[in-house]
Amino acid sequence: MSSEFGIWLAAFFTIGIASFLYKDNPLYKFCESVFVGISAGYWAVALFWENLITKMFDGLGISYSLGLWPEKGALQDIFSGVWNWNILHVLAAILGIMMLMRLFPKIGWIARWPLSVIVGSTAGLWMITYFQSNFLSQLQKTVIPLFDIGRINELSEIGAVMAEQGRSIPLDNYFAAYLGNLVLIFGTLAGLVYFYFSKEHKGIFGRTAKVGIYFLMITFGASFGYTVMSRMSLLIGRLYFLFSTWLGFVN
Amino acid sequence: MDKFWERLLTIDRRVIFVVIFLALSVPIFLQIGLPIPVTREVQVLYDSLEDLPRDSKILVSCDFDPGSEPELQPMAEAAFKYFVENDLRFIVIGLWPQGPIQGNRAIEDIDESDDEYIVKDGDTLYFGADLVVVGNDTAWYGIDFINLGFQVGQELVIQRMGTSFEATFPSDRRFGRPQKEFPIMDGIYRLADFDFVFNLSAGYPGTVEWVQFAVDRFHVPVGAANTAVQAPLAYPYLDTGQLSGILGGMKGGAEFEKLVGHQARATMFMTSQTMAHIFVMLFIIVGNIAFFATMKKSDRRGIRE
Amino acid sequence: MRREIPLILTGIVGITFFVQFFVPHSPMRELSETFSDWYSIISAFAIWLGGLNLMKISFEKVYKKDKDWFFAVTTIVSFFLILIVGLFFSGGRQYLEQGSGYDWLYRNIYSPLSATMFALLAFFVASASYRAFRARNAQATVLLLAAFIVMAGRTPFGDWITVFLPEGWRLSNLSNVIMNYFNVAGQRAIMIGIALGIVSTSLRIILGIERSHLGGE
């Protein structure tokens, strides 16, 4: 059993949160409220050191002036007649302070200014990146031959060698060669047809959409399987902490 | 019989909780070694790392928090051990604020060295705390690895690294000094100067953003270590070649541990993981049997239609 | 003032980021770098806003002696505890290092709380599997079967129950097929759909047609 105070504290909070499984109770509420406060504080501290200090104080040269950082910043450059884009961080700070005005309902509307920078940046970037990575690249890999002839030829060569050893070619390889491309092409197309709502799902279009639903169902099933895997892993991690790190039952 | 199924269907959920607790706890004590076949996606990532020449620089982005620790931490540890053993240099950053601490913890956990140790190299004194030992191999902070902390801005951080890495991550976290003072940073000016990105991701920002910016825009190969929830979303990128391998969940971690030759926590937890899956499948089967057994025949027809 | 300036700002920033993909040199490069830094700084303030707002609400709860006001006190105390320790007693820029007060709070309070909160989901997933996951029709049955194959196939259990099949044709191989082909096809359809949606919405935002982020209309 651990003799560290920190480990005991961690065990206390672990059990406190887990007590919710029995029913909602004051211990859980206590742990939950600590979690809320500590998370918010965690972010605030991380952002202070990583962002406010590095981007604002170091970038502008305030830290240098105070002797807290060895490198010059925008203010020093500007005073020596060299343009430094970092000086515009001052405007970002003003926008940031405008963001904080949301705390005061009467002048909260001013927060729309910084918000528009966030929304504009994301929109400008996403327009290209999603088009390139999630549309074009994916589409490119859907416009492929129906059968992978290269793999089929490869398979017959490997098959002969494996047969001599008394083994069979794995299912994955068979599927990849003969059906893989077909599934990728028709599965993607059928899925897209299902998501196309501007035309009524009737006739061939409707039937394709129906096939699309089945593909999506397999996808969701796979995702569900992986979600179970994920959630169980997290619980295993906590149980291991309790049994090993805290109680010392397992090495 | 009907009553039995009805009672089974309305069973208190806490009974299910107890069953799951036991199903996961008991195997932790048993520690049975299970066979772990390696899947293609994990092999691809391992092969990508194997292809890297010595002294290659790898950017490790820890984009996760303690909520995903059991899945991603073993992957980080296995990867770091592999990097140290194969003379690959790694630079730890995080797009999540919790990431760099998780990176630090992984480095501490793989370290077998004594912190009291001091080495003099020319005029420089190196302290044991800055040394990581894995078997017969060593890595020094600032020379072989470094932690540059976190930066907020999601995908814009990656975009910013594309033109200037120093402007994005200006200082290290162990000494709080400018990053360019450390030898490991020589020759690293922008994202494209890295040979590989190893992304440990639990959501947004994460693998999708690394693919969009690092791979498609700045042409740096990315290998993804994902939580199992996120992994199915990353498979299309593997098919297009945008991703150089995926480690999906604890299973992916166990496979990776096997390949790098350090079977540790992920491998050990696979027994509990297997039991958990068996029990969830049993729950679904029993739940369905009870559901259909208690349903009237007319209702059953209705459902089929 | 309230509407026009945000609209213009959105347009300028959006167009800058769009154009820098095609003109990756001066002055678009510097402009996009500057706006990237702005994004970071504003995001930091936005997250601070979240923290401050939490404090505002918690203080109000305590002041009005609302139900559960005691827990609001705990939230306030924990917020200021990590804030003070992180800002003043953790070695400044080296705040992340092992042994700092901030690191101690992270390891022994934040980490177990966060991890256990997520771990609870395992119990609820199990409970939901028992109660809600029903093979009511053909589609649900397909979903269920796919989930079974993946769950069994991703652990050694899958190969044990199909041990009668030749090696290479067992459940682990079938789950590989599902993940690498059926899952890819389905995910790809969703991805392409989402990508098209994002492209059109982004264009509407940059052109000022979509204004919901400015509060309504």
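Letters A, B and C mark the chains as written, and numbering starts fresh at 1 in each.
As a working rule, a residue touches a chain if its C-beta (ideal position, glycine included) is under 8 Å from a C-beta of that chain, and two chains touch if they have at least 3 such contacts.
This one's a predicted model, so the numbers in the text were calculated from it and none came from an experiment.
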item: Top-ranked pair of chains - ranking by C-beta pairs in contact; value: A-C
item: Chain ID, smallest distance between chain and overall C-alpha centroids; value: A
item: Between chain C and chain A, distance of the C-alpha-averaged centres to the nearest whole Å; value: 6
item: Between chain B and chain C, centroid-to-centroid distance (C-alpha), Å; value: 16
item: Between chain B and chain A, distance of the C-alpha-averaged centres to the nearest whole Å; value: 12
item: Multi-partner residues of chain B (at least 2 other chains); value: 17, 20-21, 24, 40, 67-70, 98, 149, 151-152, 156, 159, 171, 217, 232, 236, 239, 249, 251, 273, 276-277, 280
item: Chain A residues counted as touching two or more neighbouring chains; value: 21, 42-43, 46-47, 49, 51, 121, 125, 130, 134, 138, 141, 172, 184, 219, 222-223, 226-229, 232, 234-235, 237-238
item: Junction residues of chain C, two or more chains touched; value: 21, 33, 36-37, 39-40, 43-44, 47, 92-93, 95, 106-107, 110-112, 114-115, 117-118, 122-123, 125, 129, 144, 147-148, 151, 154, 176, 179-180, 183-184, 187-188, 191
item: Residues on chain A engaged by chain C in the complex (per definition of touch); value: 6-7, 9-11, 13-14, 17-18, 20-21, 29-49, 51-53, 55-56, 59, 85-86, 88-89, 91-93, 95-97, 99-100, 102-103, 109, 112-128, 130-131, 134-135, 138-139, 141-142, 167-172, 175-176, 179-180, 183-184, 186-192, 194-195, 212-229, 231-232, 234-235, 237-238, 241
item: Touching residues on chain C, where the partner in the complex is chain B; value: 21, 29, 32-33, 36-37, 39-40, 43-44, 47, 91-98, 103, 106-107, 110-112, 114-115, 117-118, 122-123, 125-127, 129-131, 133-137, 144, 147-148, 151-152, 154-157, 159, 172, 176, 179-180, 183-184, 187-188, 191
item: Residues of chain A defined as touching chain B within the complex; value: 21-22, 42-43, 46-47, 49-51, 54, 58, 69-71, 121, 125, 129-130, 132-134, 137-138, 140-141, 172, 184, 219, 222-223, 226-230, 232-240, 243-244, 249-250
item: Interfacial residue positions of chain B with respect to chain A in the complex; value: 14, 17, 20-21, 24-25, 28-29, 31, 40, 67-71, 97-98, 149-152, 155-156, 159, 170-171, 177-178, 208, 211-213, 215-217, 227-229, 231-232, 236-237, 239-240, 242, 248-251, 265, 269, 272-273, 276-277, 280
item: Residues of chain B defined as touching chain C within the complex; value: 11, 13, 16-17, 19-21, 24, 34-37, 39-41, 65-70, 98, 100-101, 104-105, 108, 147, 149, 151-154, 156-157, 159-160, 163-164, 167, 171, 173-176, 217, 232-233, 235-236, 238-239, 249, 251, 270, 273-274, 276-281, 283-284, 286-288, 291, 303-304
